[in-house]
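Please see the structure below; I have some questions.
We call the chains A, B, C and D, going by the order they appear; numbering starts again at 1 in every chain.
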Amino acid sequence: MKYALFLGCKIPSRLPAYEASTRAVLAHLGVTLVDLEFTCCGYPARNVSRDGFVVSAARNLALAERAGLDVLTPCTCCLGTLRHAQVLLDEDAPLRSRVAQALAADGLAWSGKAAVEHVLPLLARLIGTNKGATVPAAAVSVPRTGLRVAAQYGCHALRPANVARFDNPMAPTIFETLIRATGATPVDWPRRLDCCGDPLHEGNPPLAEHMTRAKIADALASGAEVLCTACPHCHLRFDAVQSGAPDPSLRTLLYTQLLGQAMGLPAKSLGL
Amino acid sequence: MHLPSFIETQVLIIGGGVTGTALARDLALRGVDCILVERDDINAGASGRNHGLLHSGARYVAGDRDAAMECRAESDILKRVAAQAIQDTGGFFVAVQGDDERYIADFPAHCARSGIAARAVDVAGARALEPALSEATIAVFEVPDASIDPFRLSLESLAQARSLGARVMRRTRVTGFEREGRRIRAVRVQRGNGGNEVRIVASQVVNAAGAWAREVAQQAGVPIAMTYSKGTLLVTHTRLAGRAVNRLRRPGNGDILMPGGTVSILGTTSTRVDTLDDIQATAAEADLLVEEGARMLPALATMRYVRAYAGVRPLLGSSGAADSRAVSRGFALFDHEEDGLDNLATITGGKLTTCRLMAERAADLVCRRLGVTRPCLTATTLLPVDAASVWTGAGFSARDWMHSHHADDALLCECEMVPGSAVDAIVAGLRAAGDTPTLTDIGLRSRVGKGACQGGFCAVRTVAHLYQQGDFEARRGLAEILDFFGERWRGQRAVLWGEQLAQAELTEALHCGLFGEELRGAALIDVSAPAAPHGAANADPAGEAAP
Amino acid sequence: MSRTLFHMALYAALALGALGLLWRMAAWFRVRIGPDARAVTPAERVGALFRGAASALFSRRLLHVVAALFLDVLLQRRLYANDKLRWLGHLLMFFGFMLLLLLHALAPVVTVPLFPGYESTLAPWLFLRNLCGAMVLIGIALFLYGVWRRRTRFAPVRGPMAAAFIALLGFVLMTGFLLEADKIASPQAFHRMAQENGVTDPAELEPLRALWAAEYGVAFSDLRQPLTPELLEKGRAVHAEGCESCHARPQSAFVSYPIARALASVAGALDAARADVWLLYLHVFACFVGLATLPFTRFYHAVAAPVSLLVDAAAPKREFSAAARASRRALALDACVRCGLCDTDCSVAPLARHLGNPTLLPSHKLIATGALAGGSLLASGHEDDALRAAEGAFLCTDCGRCTSACPVGLDLEDLWEAGRGDLAAANLPAPAQWVRARTASAWAELLRQGQSAHVLSDPDAALAPLSADRNSFSRCVQCQTCTNVCPVVAHSTDPGCGVDLTPQKVMNLLRLGMRDFTLGSRMVWDCATCYQCQENCPEGIRVADIMVELRALAVHRLGAVRNWKAPS
Amino acid sequence: MTSGRGNSCDVAVIGAGMAGMAAALFAAERGLSCIQVGSGGGILFASGLLDLLGVHPVAEGRLWRSPYAALAALAREQPGHPLARVDPGAIRTAFESFVAALGEAGLAYAPLRGRNRSVLTALGTLKTTFGVPLSMVAGANLLEAPGGRQPCLLVDFRGLREFSARQIAATLGDRWPGLRCQRIDFPGFEAVPELYAAHLARALESGETRERTIALIQPLLGDAHAVGLPAVLGLGHSRAVHAAFEAGLGLPVFEIPTMPTSVPGLRLLGALERVMAARGVRRRHLSSVRALARNGNPGTMTLELDGVPGGERLSARAVVLATGRFSGRGLTADRGGVRESLLGLPVQQPASREAWHQRDFLDPSGHAINRAGLRIDAAWRPLDASGQPAMPRLYAVGSILAGQDWMRAKCGSGLAIATAWAAMEQVADHLGGAGAG
């Protein structure tokens, strides 16, 4: 199994542990990752130029296409943006031709061949099913039995469903299934599908803080020991808000780290 | 308000439409004491059921030059004295392929003869300004049409009249005239349904009952030759054009699309009717309007419509004329002297644009008879703004709320963005006039119930608000909602297809499915109570047992 | 040439260079980039430098510094990691030039003491000198090719001083080679030497001339006898006595010798024109010009870049005090060599091309950051530049690729962050922030004054196609679902930071034809794009998509009426 | 696209309203693999009350204590009515398993008995219904208390625009003297002018807000035997929130359903989606069926979806049409008439648009357009113009069916659940029970 790994902008500079643990876990499961000259997924451009955002995204899709690979990303925002671009390119013909022109300048072309996938569904296929089957015994050697984990899905993985195509946006189960697969116990928490607040922190910091803290408090009140994430934005957001916070803070852990631990991979290789 | 068994006044005005209210103001400004009685509410008739078009006159240049020139003069005056009720949108006259070439060719000359400034606009330029215009457009002229809010005009006229001592009696019908020789001694009126009867002793009586003028005159024993023409209009969900768009042809069906603030109003039809009872827009009329209108503005074919309404134009003259549009739209003032009455006058016919002039003529006659010499002031006196009367214009409250809403001022109507403070102001205004406000009154004086939901949601919020403010008590809210929906529904049947039908379905699911309003009294019955009356009593005695 | 003139010129050049250097270096402690930099005085910054230097020198950090000196400064490992070709070119230039400087230019102080009996005309010096010269020339060629190969639509702003540097370097090298070639071929030079060595007797002179013509490349125009073996034998004898001690055969000057052969035909003419003299002047004075202008040509990076690299090695980034950070940012402006490697790696480069705004790219952004700190960006008349710079700065995703690509190891992320701080201080913050300067209705009012009353047609359809099309919101049944599921509205319990509208009100304003009232609204700008509204809308209205569109439209249209002025 | 999930199934359910959800649930319970297309928007408009049959005949507005007795009467007098086609025993079973499934998903209902209940509405009217959420049942109990109606306190929140306790108390005052009302500020939202029920429900899932609210109500109790609140007691975790209120106040606490979009609607949707996820029903949200065709290989049908790039193709052995009426877009009405949106199936409808609606909105006999819909055969298969089943394995359930007026008869949920059950029985027979998915 082979994918072009799309790390996006945040992971390499701000959350290298996510890259490390993703590579380690997938290597362990026999997935080959190829690195291409990807650029920004286009998310930041959405507030400025619709075309600019789609061009940025399409360029990356075209690169993967040229390499004959599907794209795999650990970032839910990148997932959402790249798939959003696919939808727009599919439904808006004039946009498609404008983008084609822009890509042609770099000798690239988009035809929609390259699929975009997030790490979680891939792992769900590799180590379990939605029915809740656990990992092949070989994979999990050190089950994290008893660890109570709150799953932070991340908005752009779930919604809008026709764009994300990830799981049931109202009642997703993938993340909990994967947590169970590590031997840990997923907790049910009221705000599990809420926004982490990160997108507001530039424009409206206090409101963003209000949202993030509400989630943390809710997870703690629901008995979670660990907040498990699968998106650099969410992850960094929770860490940022909790850094030097007085209230009882909640440990954050990337799912790839949790799984890596369960697989008995060396902590160093998981960026722990 | 509590009424004595008889009231005296100088002038009794019958009818609270644009003419009657303008007349009350005119007389009040001349210092004449008057009472206005209205069987329903302000502008309940044709005055409130029209395009809201302040005619430049261009529409009549070919057929009725006098009317055209009247319109030109009056619209200039109103733009000056009642600016707050007018949006100077300007207007287009638009011809499409297949329209009468000669009419188009003569149009500029006709306008010139009536002194109306009509400027030819090249089609491409016109379509850039009004993108909704059809590709089949072949000629466009620009004229100084404008949009006017008749409700605000009437309400503020009346507010000023009242401030000068005039009295107003809404929901008061004339039950009879007491004649004494060539004079009417008194007019008997009745407040509400089954309210007490009152004698109004007035030295002059003016019949300004619009379409009902014939009935009123008959009660006084004088005949008026008048025919009725029903005109239906449709209200769009979103505004389609910035200007008044008229079809450049002899007046016909569906040839005016008027901007009404945030919506567009498409009209009208013209069909002869013989009775004034239960006038409602029909599906056939809606279809006719949509099809005709779409020839000028194709988007009208796919547009979502939120409402249809029908008004009745009083047309003077014999009922012989075939096409009611051929009958003059000019107005007439009858002094009824040859009918043997010296203190009754009837002012009728005409149109919204000329209402002030009609009032002036009537007032002149009345004042002559009363020996009052003061001149008419309505052409020069600015119409004062009245806090309770500003909420009728589409888009006004939305802008007002955006510009200046207070932290504690919640919206009751989301579609038209009407805040609680607006409702409170209207209620205060009605109370000040000694009225007990109803939900329907509030609807007429604001945009509540006029948006996409047509009352489905805002009626519930507004009633809850009125209870909270102490304006409603006991079971009144339920009754008010029933009345309100009754009134709203008249304007919906004809446009219920597509999205608006889905909206209506949702409203019914809420108000019948959940609230059970159609069950009226039975909606207050507890079926599970041991001794439940009515329906439950009919329940199968073996009901408890499983089948 | 006259010693006095030479020395006067030399000292003048040295003085000028030194003064320039001081002046440029002072900027490292003067220029203020970033709000935190305004808090510290130049004095404190100088102090910080010395403290830093001291703590580095007397700690194990010293090892880092030494390592950096060799690996980063001399061997250029960062450049090697990013662009091998340019690394090779740079290495050739660097070492070729350095050797020439030490062994040739500074021969009297370096080579002579080290190698007794050194003569510039002896082997292996002839060869070495040519080798070094050739290295530099090839290096320049490779380097220019490397730049051309990785060119982007927006080339880094390199400026005349960069070209001047390359031109001067080339000129010095070429004049050097020509001078050498001329000396080899010149009969006049030969006769001068012969005279000095007292070879005047024709019986000795002729054979010697024959030999030098045959084997030392002198281009005599008047050889009478044929070059017989006997004659050459005699010549060798004479040569052995007088000349051999300081004249090796010039063929090892593999560049100059061929040139000399090429010049053979015109050798006489050149002599007549005293070519040797003016070539020498050109060569030497070109060097002096280079020396004097060093601080102002790209040559300066030879000073700034190593300093930057060593400072970098002297302390880990996080240990820098505010004062030290301030100096490092100023230093970065000088140390940047405009190689443009950051631009080619930039994550938003495709966006820069799409928007036609180069200031998204690091090398351009660095210049803009400098211009902003220097004040020139805020000078009136440059409003557009400032606004574009702001756009560029706030579209940066902080991916850090520029920093890792930088061959001189600049901490660019820190520089960008500081630059954004300065922009904000100049009233040029991110759109999400500047729209807050007015209320939604104030913006609408501004737009109303800016546009004609009746036109409902939409020129911005490409930016916001959904909100321009009534079909995308006309299905709204006003049910408030979007608002009920909106986390932003739900958390807006504090009027101080709450939103002004709800998603449904935004949709409804579109229906009312009041789109202008939504553009500056808090709701549109605080939308978390969590898509709950869109996911749950029973009518399938793309609420969140419309919100995002409206932002793009707002940046465009509010930006147009924003009418920003530089704070005076 | 590699969605990672298979796109063939035994039953494809088109539509995710009550009927669609019920159909998918019953399919899963019968062991049939199921893909369900569409979003559950319509359910958001639900009150959480599960009607079975409250009024019959509609024109007389006659209320029934026993829905089953009403069904019997319906079967006698209106055999064409979809509900009249379903065996009452099956209806009972269907309701039981539907309510049980909701219970599993955390949305508890009061035990179903054989009779209708009355529930207070935000307008002060009493709604006749059948299945009552546990969070509302105390109100119904209070109404039918043998010893007459006990004193009761209604509390509302300033800013919750569509709900006035004062209005309810005033409307029912003469029939329920002990009904009092109080208005309080919702803790944490004191400065917010407009409150939204779902936001309050969310806030009440935090223990702190819950306790502050209870503390505000506590001193107002007086002689009250129960406390009524607008339906805001929690969303996904309403059970815990409601329990906490009853414990905190030491009295029965009941919710009063509010105007759409209501919290009970959001709860119902959430619970049903959780049920679908738990039963392995594959959902396709925000996408719609562009085309439906019988497949080359007999016995299967192909559905073309749009909404995703390049569209998606599903293959199903049976298809259930649960697309609803006009707001669900199962039926499309234009000026010319009404048609079925997906296949253009013939729709039984009034002759002209003029006849669609009565001149009075609240006309007791209801609007003819609401009785328009699809005609079906005995096996719940919609008929084509020739009166034959349009497709051998195409079934129709819920409000799209002709001959019923669920809004007036108060039988919305009953119609959805009963017809879904009956149709799924047919599907199972035709497919021979469980099959490959």
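Simple rule for what comes next: a contact is a pair of C-beta atoms (placed from the backbone, for glycine too) under 8 Å apart; a residue touches a chain by one contact, two chains touch by 3 or more.
All values derive from a computational prediction rather than experimental measurement.
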item	value
Graph separation of chain A and chain B (steps between touching chains)	2
Of C-D and B-C, whichever chain pair has more C-beta contact pairs	B-C
Distance from the mean Cα position of chain D to that of chain C, given in whole angstrom	68
Whole-Å gap separating chain B and chain C, where each centre is the average of the chain's CA atoms	74
Distance between the centres, which are taken as Cα means, of chain D and chain A, whole angstrom	35
Multi-chain contact sites of chain B, meaning residues that touch two or more partners	407, 411, 457, 502-503, 506
Residues within chain A bordering two or more other chains	160-161, 169-170, 214
Contacts with 2+ other chains: residues of chain D	39, 45, 191, 194, 202, 260, 285-286, 327
Listing of all chain pairs that touch each other, if any do	A-C, A-D, B-C, B-D, C-D
Contact set on chain B toward chain D in their complex	278, 280, 282-284, 286-287, 290, 407-412, 457, 460-461, 463-465, 467-468, 472-475, 477-478, 481-482, 485-486, 488-490, 492-493, 496-498, 501-503, 505-506, 508-510, 512-520, 522-530, 532, 534-536, 538-540, 542-547
Chain C to chain B touching residues, read off their complex	440-441, 444, 453-457, 470, 474-480, 495, 504-505, 508-509, 511-514, 517
Partner chain D, residues of chain C touching it in the complex	477, 479-481, 483-485, 489-490, 492-495, 498, 502, 534-540
Chain D residues touching chain A - in the complex, by the definition given at the top	1-4, 39-40, 202, 205-207, 235-237, 269-270, 273-274, 276-277, 280, 283-287, 307-310
Parts of chain C lying in touch with chain A, wherever the complex brings them together	346-351, 353-355, 391, 395, 397-401, 413, 430-433, 436, 462-465, 487-488, 491-494, 496-499, 522, 525-532, 534-535, 542, 544, 548-549, 551-552, 555
